[in-house]
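Residue numbering begins at 1 within each chain, and the chains themselves are lettered A, B, C and D in the order written.
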């Protein structure tokens, strides 16, 4: 459950008294920084990667995302569902199906 | 529930026949690209931001993360819990408490 | 001189036989990865930073940019001048002067 | 010539009175944001890309880098040469030649 994860992450932060550092702009920077570390797993090779390393870096991105949800006072579930609804309207099945130019030029 | 979200995202992708484009490296690139769009909400101002816009961009990052979980055949819950355990060992409360140099130099 | 720098960087790459790894997509990933390392110098503090570290990371970004110029068979000078001309037309002085909403919403 | 480019970029900024927005942290964010736009040219395809678009985005990254050099009161030439010397020591030809694990694990 997302809520359980959110609580796990919040407890980790508050136990360390780190909430003071978590201005939204700092979390936004942190999400990019961790995303780039995830990308680094694929820096010189598009096809082969260290599975365990990728999982850890991907988790780091999501952990910062959950911290940002907390900071913004939103539930991850809610904003994901909200955005999925927007995406469904933006990319209707009949127009988007199988198009590789999808997210950009539909 | 995370699983419900994952299914929502998976259905969105398979309805559009987009799974063919979702090589892990493409998803890693997409996560960075969306993260940078989130950061763009704070580009020239560290303190003020468009709340709705931030929520949408943050959701986009998480949606691509869920797609990557699916591609890697892992549950988001599992890798987040795994990584949180690693973080707890890496940053013990007694050493990390209230330190701004935290993630980097402990 | 830019050309001298470009040659310096090219020689470094060819001496190590690294040109084989420098597909444009790999260089694009590398530029993002190095940019994120530059951003990391400002991760938890917007105002104070390690001057020497920032200079090194900034240089790394530019070095990969020069490698990409080489790969694309363009001169850095030429594309910078080309883009500056486009920017000047996009942001005319009379409209853009002193506006913080500049790059985005003019 | 780099110095000529730097002056071109500086004039563009000062003509628009934009220097006030160019705190180092804002420029660091901007460099990442533009780098991600460059990466977007390769988002769903590693091999094919819009050559003109790539040149424009690459130039944007370099233009922000030059603005940051100006803000830090350094010459691009100087920090690139400084860093290239460091790289040459870090990756000696005899050890690095033809190794794809290069930048990471040497």
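Heads up, the rule we're going with is that a contact is a pair of C-beta atoms (placed from the backbone, for glycine too) under 8 Å apart; a residue touches a chain by one contact, two chains touch by 3 or more.
Note that the coordinates shown come from a computational prediction; the quantities given were computed from them, not determined experimentally.
Counted by residue number, the contact pairs of C-D are over half the same as those of A-B, the matching pair from A-C, A-B or B-C. Set side by side, the interfaces A-D and A-B show unequal numbers of C-beta pairs in contact, with more at A-B.
The distance from the centre of chain A to the centre of chain D, each centre being the mean of the chain's C-alpha atoms, comes to 26 Å.
If you average the Cα atoms of chain A and of chain B, the two centres end up 2 Å apart. Each of the following residues of chain C touches two or more other chains: 21, 25, 29, 32, 35-36, 39, 42-44, 46, 100, 102. Taken as a contact graph, the chains are fully connected, with every chain touching every other chain.
If you check the complex, the residues on chain D that touch chain A are 29, 32, 43-46, 100, 102-104.
Across the complex, chain A meets chain B through its residues 1-2, 5, 8-9, 12, 15-18, 20-21, 23-25, 28-29, 31-32, 35-36, 38-39, 41-42, 46-47, 49, 51, 54-56, 58-63, 65-66, 68-69, 72, 74, 76-77, 79-84, 86-88, 91, 93, 96-98, 100, 102.
Chain B makes touch with chain D in their complex at residues 21, 25-26, 29-30, 32-33, 35-37, 39-40, 42-44, 46.
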